[in-house]
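These are the structures in question, set out in turn.
Both complexes shown next keep subunit A, but they swap its partner, so subunit B is in the first and subunit C is in the second.
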Partner chain A sequence: MGNFDGDSGTVFEQSYATTNGNGKLANGNGAASFSPPEKEELLSQRKFSAPAYTEIRTRRCHSKPTNDAKSPSLINYHPEKKSTSNGHASALSESKPNQAEGKLSPAEEHRQKTSFEEVPLHTACLTYLGFYLLMILGYINQLLFVPKVATEKGRDGYVTLYDAFESFYSRYVYRRIKDCWNRPICSVPGEELTLKDRVTDDYGWSFKFTGTETRCLNLGSYNYLGFAAATGRCADESEESARQSGLAFCSSRCELGDNEQLRELEAQTARYFGVEDAIVFGMGFATNALNLPSLLGPNSLVISDEKNHASIILGLRLSGATTKVFKHNNMRDLERVLRQGICHGNPKRGGQPWDKVMILVEGIFSMEGSIVRLPEVIALKKKYKAYLYLDEAHSVGAMGSRGRGVTDYFNVDPKEVDILMGTFTKSFGSAGGYLAGSKKLIDFLRTNSHAHCYAASISPPIAQQILTSMKTIMGEDGTDIGRKKIHQLARNTRYFRRRLAQLGVITYGHEDSPVVPMLVYLFSKIGAVVRTLTTRHIAAVGAGFPATPIMEGRIRFCLSAAHTKEQLDFALEAIDEIADDLGLKYSRKPRDPNPVVY
Partner chain B sequence: MVAIQLFNEIGSIFRNTPTFALVLETLLVITVIWLLLHRRGGGRRRQLTKEEEDRIIADYEPEPLVADTDPEHPLLRTRIVQSKVGKHIRVDGHDCLNLGSHNYLGFLEDQEILEEACKSLRKYGVGSCGPRGFYGTMDVHLDLEDRIAKFMGLEEAIVYSYGFSTVASAIPAYAKRGDIIFVDEAVNFAIQKGLDASRSTIVFFKHNDVEDLERLLIEMEKRDQKNPKKALKTRRFLVAEGIYMNTGEICPLPELVALRQKYKLRLFLDESISFGTMGQGGRGVTEHFNVDRDEIDLISAGMEGSMATIGGFCVGSHFIAEHQRLSGLGYIFSASLPPMLTQAAISALDRFEREPKIFGQLQSKAKSLHQKFSRFTKLTLRGNELSPVKHLYLAQAADNFDKELKLLTEVADKCIARGVAIVQAAYLQNRERQPVRPSIRIAVNRLLEDADIATAFEVIESVSNAVL
Partner chain C sequence: MMNLKQLASHAYRQYELVTCINMLEPWEKKLINGFFLIMLSLVIFSSFMYLPDYLQTLLQFVTPPTWYNSSPEGAAYAAQKMARS
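What follows is the complex of A and B.
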């Protein structure tokens, strides 16, 4: 990490000190360059005095002594200032994005690289206690105060529309940290973003804009390869496409909504994965929800990972298939469920054998940050003659040496997976989804997919963004930008995850997954961390009950190829301090004392 | 002593119990024992030995993942659009007058909307890279929601990123298992999927037949009287479309509202076609019928018609619409609408407000097209005269729907070759609730001239006379 500046050869003319979170400037070394940014710094701090951003008081008022193993002595980066971008200045180093290093069996190695550290007992107790306390306070609150919510007008005598617990939870529990979600931004969701500051005068019932903006380092958007940009080749070609073909078709693919560009996109997608054919849709969520029903019938058995995304669950519900759930990424449990399912047949039809059995997994699980154990799943699928549906919403582009998803990462032939599904929202910086596989499968979908027949086809500029970014990843644009991006993401991921482990916080998932959930357990800590990170100019995402189990409140960081080492260090510095202040360093694993090499 | 007393006691019980009761009780005991044993028998069946399991697994032969597709399937062949979609369109190498794209107001050709969308692209990039909850909310989304709510004179709007998912997510956000939904039988496929996802009891009434609906409501009332406890917990919904995608008819809104009040239903209205086309100001069927919008619980609409972009929205009171932000699946779990397309919707609203005369123009075009197209010799027209969507059916029904579809496709193909783009409506016949009669769906564009309508009429008339 220390020799980075030398490597890149980039000289940062300005060096900014970090603030320690109280609005006071930390004891920086670059005293000479202080005076101009200082005012801005204080100004930007003042914005957060409003209640929504009430900062958690840090215990230490003086700056932390610099520890070269933990934090760099000087952070050359701050999102409020226009930093000199070093792009992909760092040369390709020898660290490989792929596995195959040790002599362990791949399955064993995968297991070792995946971590789901158990929660310490006292934290577990405190988490439950904290949650019940919140609930009790909520009930008291509900008894004592009339809620300031809208009531229904002109519908007297109607059956109440909402479930009582649901409204209680959203009004009295979720509201307390409601400001941590749905934050409006007013910029490209690139490596940085601009938050529109808002405040609440009534404890989260309503928000008002202050008119100010905050520039934040973006660790929240799914911009894995950094294709979210308002300038550059992708944006140029998208604009050209909009001018040439208009903004929409106002028709479905089957009527008057098909053109050469969409055909090209499908052919390109098929080539990207090395399969026979592909079909594209205008929305990623709908790709799952509207195609699973075509593929499954009432006499199908689906074996689904317990952490699968809501769109998959909705698709399964619409299909009418029998669904059995196996423990997250647990191959032994998958085999048990498979065996039982096949041996006993369809209980609704007196044990008659199933028409088909389908295993449904995701490439990277978006809340867990884990990577599917694909080779083992494929072995099981073959053994039990099941079909495999792989949802690569988060892994496509982000995984593998060529960015082609988990099949590429594990060096598995994509044809081994029966149905490859993914979205264009994340790595490609666009919108929509695809299904890829054999020609027979895709032809069937063209004649049976709900989305293909009834829903609007993809807007031309959106399709163009996918095409251009996909060509860049494949190197068909004649540059190695795509390869560099993939490499940069893999490098950022390793560095960030290792540094976090060194800090002693608990992270979930696999070492190579760019989705990094950091466990904070307590419901209230989710709010505290997200708010404090905002005051430190970092945008991250929190997730708590009901999105996760009550016990497992977490903060999620999504890394991007657009992040530089300075930006990651800046974030890690802040996380380190917050973790100290809020007591997030739960991990009991031995920490690596050596500095992590970028 | 105690034992003897107990024995006597039991004896007296036996003596005092009537025989039939004894027989019944014995039967009961036998049934319980049989059930228990049967359970265990089932359990024994479940505990297969490993060899047996292996044999079953070895013998198991699944069906292929998908059935073979007929290479001649009508949906496999799509027409290629080779130009920008507007009043004119180039399809499969033929320059045509466009009567097939649902670009009712002609906004796809609007240079101003395009420029503003491109400007937005230069500010926000193309994709939003996240769901609304996780930094996918941009100021344009909030702006659009605000504008729609104001335009409709309601409290709150919520924007979805796909037209299909809008109504399909909105319905299951409110209706749950055990609730009852009354639905017009001609509703479009997106609504049907929303109904499926809700798992409620669905009651279909005849298309636009208010008497049939009332008959069903009275039946429900009778059932409720028998079980008032359950009735107190059952939510009732009424779902209808403003203008039906599958028939082109307008819903009898005032009558529906009256029934809604009388039977305490909640009315959801899908205005995907009628929003931006009906009423003096384009506010949909509520404005057309002059019905107070508070009478309708939730209005949903796609922005893929008159607004000429992608996505959809729901609009209603704060109490109703806000709920979807935590329970509309397609809203929470999907990436938000690309900002440039959001901007296009805002710009379209600008035009709505600035030039309300466009709605009158569209309606008069729809009317004159309706009058003209009613005169085909071999085709019959269906749809309201003001509706921008109309259907052409064969005047003389063929033996089956496949044959009708083939004939209509031939008509459409030949019309395209002669410069009039019309297409047969695409349906997944095997997945619709009930097969839909094939038709050619005509979409009226505001920019059509009377001469264009006359030309289109001539072409379709001569082609259909030749083919049919």
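What follows is the complex of A and C.
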């Protein structure tokens, strides 16, 4: 009883393709939006009454009968609003440009746009109690049963390899909701994806594939601009590039891996950000982890945000620099830490001045959904003569009216940021990372960076994907697809965040950031929400301890320019019901009673 | 009737969620639910058996003695109580 075998699958695919053509800006099919609304309603009903959307084939014990919940007539797809929402040309002028208006002071603007609502006290207590219960049960389990894992043999006298809190945690706490993570997919992770269903008979120790698939709305990929697609210009040119230049150079940039395409990519990247030069690497994580050690030494001071990504933390540890952490996005604390560090000097060298002082922040913090307060950080950096390293892994492409990251969003000259770092993995739908800045800095990195000297260079099709998508964003391909995508993402973000706030769930972060963490707090609710969303054909990512603090379990939605209003409404309605069902409406803020305009 | 059933199932789901019971294996669920039931029944039993007496003694301790002085029966009761103890 597969979802996709036989006729039903092809019907679904066809209907899906037709609706796709109507709503998508990528196809530029403007004429289709003038078709009569009845036809569109029929199409959307066909799409969501197709087998993949009504039949639940995921987990046996947690699946709910969906017929009562979402028969096609109940799906609120706003057919009456559809004709207006699809007219992109008219809607573009209505939508607010996604940039700082410059009317308020940066601090005031940050206060108005960013929300970190306090956790209700009883929820905090219950979260800790539940966690204690899980830990106690885990210890009882470990005491009573031999875990079904590999054990070390014949290693008497050696230090044990596996015996640590982490392995206990992953075996007895994480295992219980392990099915919500690392779910295999078998399609391109565009605006929708196909999950490969799996079941577990032994409560998470092992998984078996059922052979069925679930088509889900994808709210979990960092596909901000929707360039991850199996068709379209990017895919075609990447394929062409693979046919011409092969798949890999099997060598590093310093040896035989250097080529014209990568030099073009670097020049293009530098032009994209409006800086002198740029250097690209084949892996985003390594861009941070391997370049920070070449920039920093033991006599350097690094002021790092507490929510910085693991790759930054690893890079700082490898560099041996003294790291001081300031509270997340708190400029007063940043100034305090910075001043103290500079005043006291290096304590390991008797208070001698530091070689370098560097402030390390991210553009969009991926777990918090907040945006760095860049104008204030730059002011502080100038005041204390520090360097600024800005990790734009999530913000490049997703922020700013031209999609050039937070510098564009805040209308800051990119040359005021000393080191611009980012990845091609997210908005560009490819892989790899870059560092951009002055010519001097990049030349220094070309000679000193481990990732440049020893790692293999970027594969040609992957580099081509970056090049094509970058040109599309910049409008160098002669179309305005890139601009439309950026606007679509901004509108999706504002709409989704406002609707969520209206539902009464707690979301974190800045109202313009496309990463939307929805707080569920309790460990058990992460699993329950992810599973229930899967049965409603929505794929979202849960995050709990240790990725977040123990108390702040959350579901993270990542919006994309590929999503349409109809898809977002579909998701929001499911979230509304789930939030009622599982008790996620924690917010005590007043709710906006007016309907949110897309 | 249907409504009541739904309400009960909703309440039980909330209880399962806030105590993380929905993540557990069946035997663990039984253990924890049994533990909670035993605790609950003990609390109810003790509150019916012992709480009235305790409360009475406590009330006697906290009530000001002037109340007894105003009424002769109260004073007599207090004297009787003290003599007994």
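As a convention for this text, the second predicted complex is superposed on the first by the 491 of 598 C-alpha atoms of A that agree within 3 Å, B and C clash if a C-alpha of one lies under 4 Å from a C-alpha of the other, contacts with A are read in each partner's own complex, and residues count from 1 in each chain.
Methods note: a residue touches a chain if its C-beta (ideal position, glycine included) is under 8 Å from a C-beta of that chain, and two chains touch if they have at least 3 such contacts.
Note that this is a predicted model, so its numbers are computed, not measured.
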Quick check on the superposed pair: does A:295 touch subunit B, subunit C, both, or neither? Answer first, second, both or neither. first
Check the residue A:426 against both partner chains and state whether it touches subunit B (first), subunit C (second), both, or neither. first
By the touch definition at the top of the document, which applies to A:314: first (subunit B), second (subunit C), both, or neither? first
Looking at subunit A, does subunit B or subunit C touch a larger number of its residues? B
Check whether A:255 is in contact with subunit B, with subunit C, with both or with neither, and answer first, second, both or neither. first
Could you look at A:158 and tell me whether it touches subunit B, subunit C, both or neither (first, second, both, neither)? first
Contact-wise, after the overlay, does A:221 reach subunit B, subunit C, both or neither (first, second, both, neither)? first
If we overlay the two complexes on their shared chain A, which of subunit B and subunit C does A:210 touch? Say first, second, both or neither. neither
So, A:142: does it touch subunit B (first), subunit C (second), both, or neither? neither
Would you sort A:200 into first (subunit B), second (subunit C), both or neither based on which partner it touches? neither
Could you pull out which residues of subunit A sit against subunit B in one structure and against subunit C in the other? none
Within their complex, state which residues of subunit C touch subunit A. 10, 13-14, 16-25, 28, 32
Residues of subunit A defined as touching subunit B within the complex: 149-155, 157-159, 161-163, 166, 170, 174, 181-190, 193, 196, 218, 220-223, 227-231, 234-235, 238-239, 242-260, 263, 282-286, 289-290, 293-295, 309-311, 314, 317-318, 339, 342-344, 353-357, 383-387, 418-419, 423-426, 428-431, 440-441, 443-448, 450-456, 459, 461-462, 465, 539, 541
Write out the stretch or stretches of subunit A touching subunit C in their complex. 126, 129-131, 133-134, 137, 141, 176-177, 203, 522-525, 527-528, 581-583
Of subunit B, residues touching subunit A in the complex: 46, 48, 52-53, 56-57, 60-63, 65-69, 71, 73, 75-76, 78-86, 89, 91, 98, 100-103, 108-109, 113-114, 117-118, 121-130, 132-139, 141-142, 155, 161-165, 168, 174, 176, 188-190, 193, 196-197, 199, 232-236, 264, 266, 294, 297, 302, 304-305, 308-310, 317-320, 322-323, 325-327, 329-330, 332-335, 337-338, 340-341, 344, 421, 423, 425-428, 430-431, 441, 443
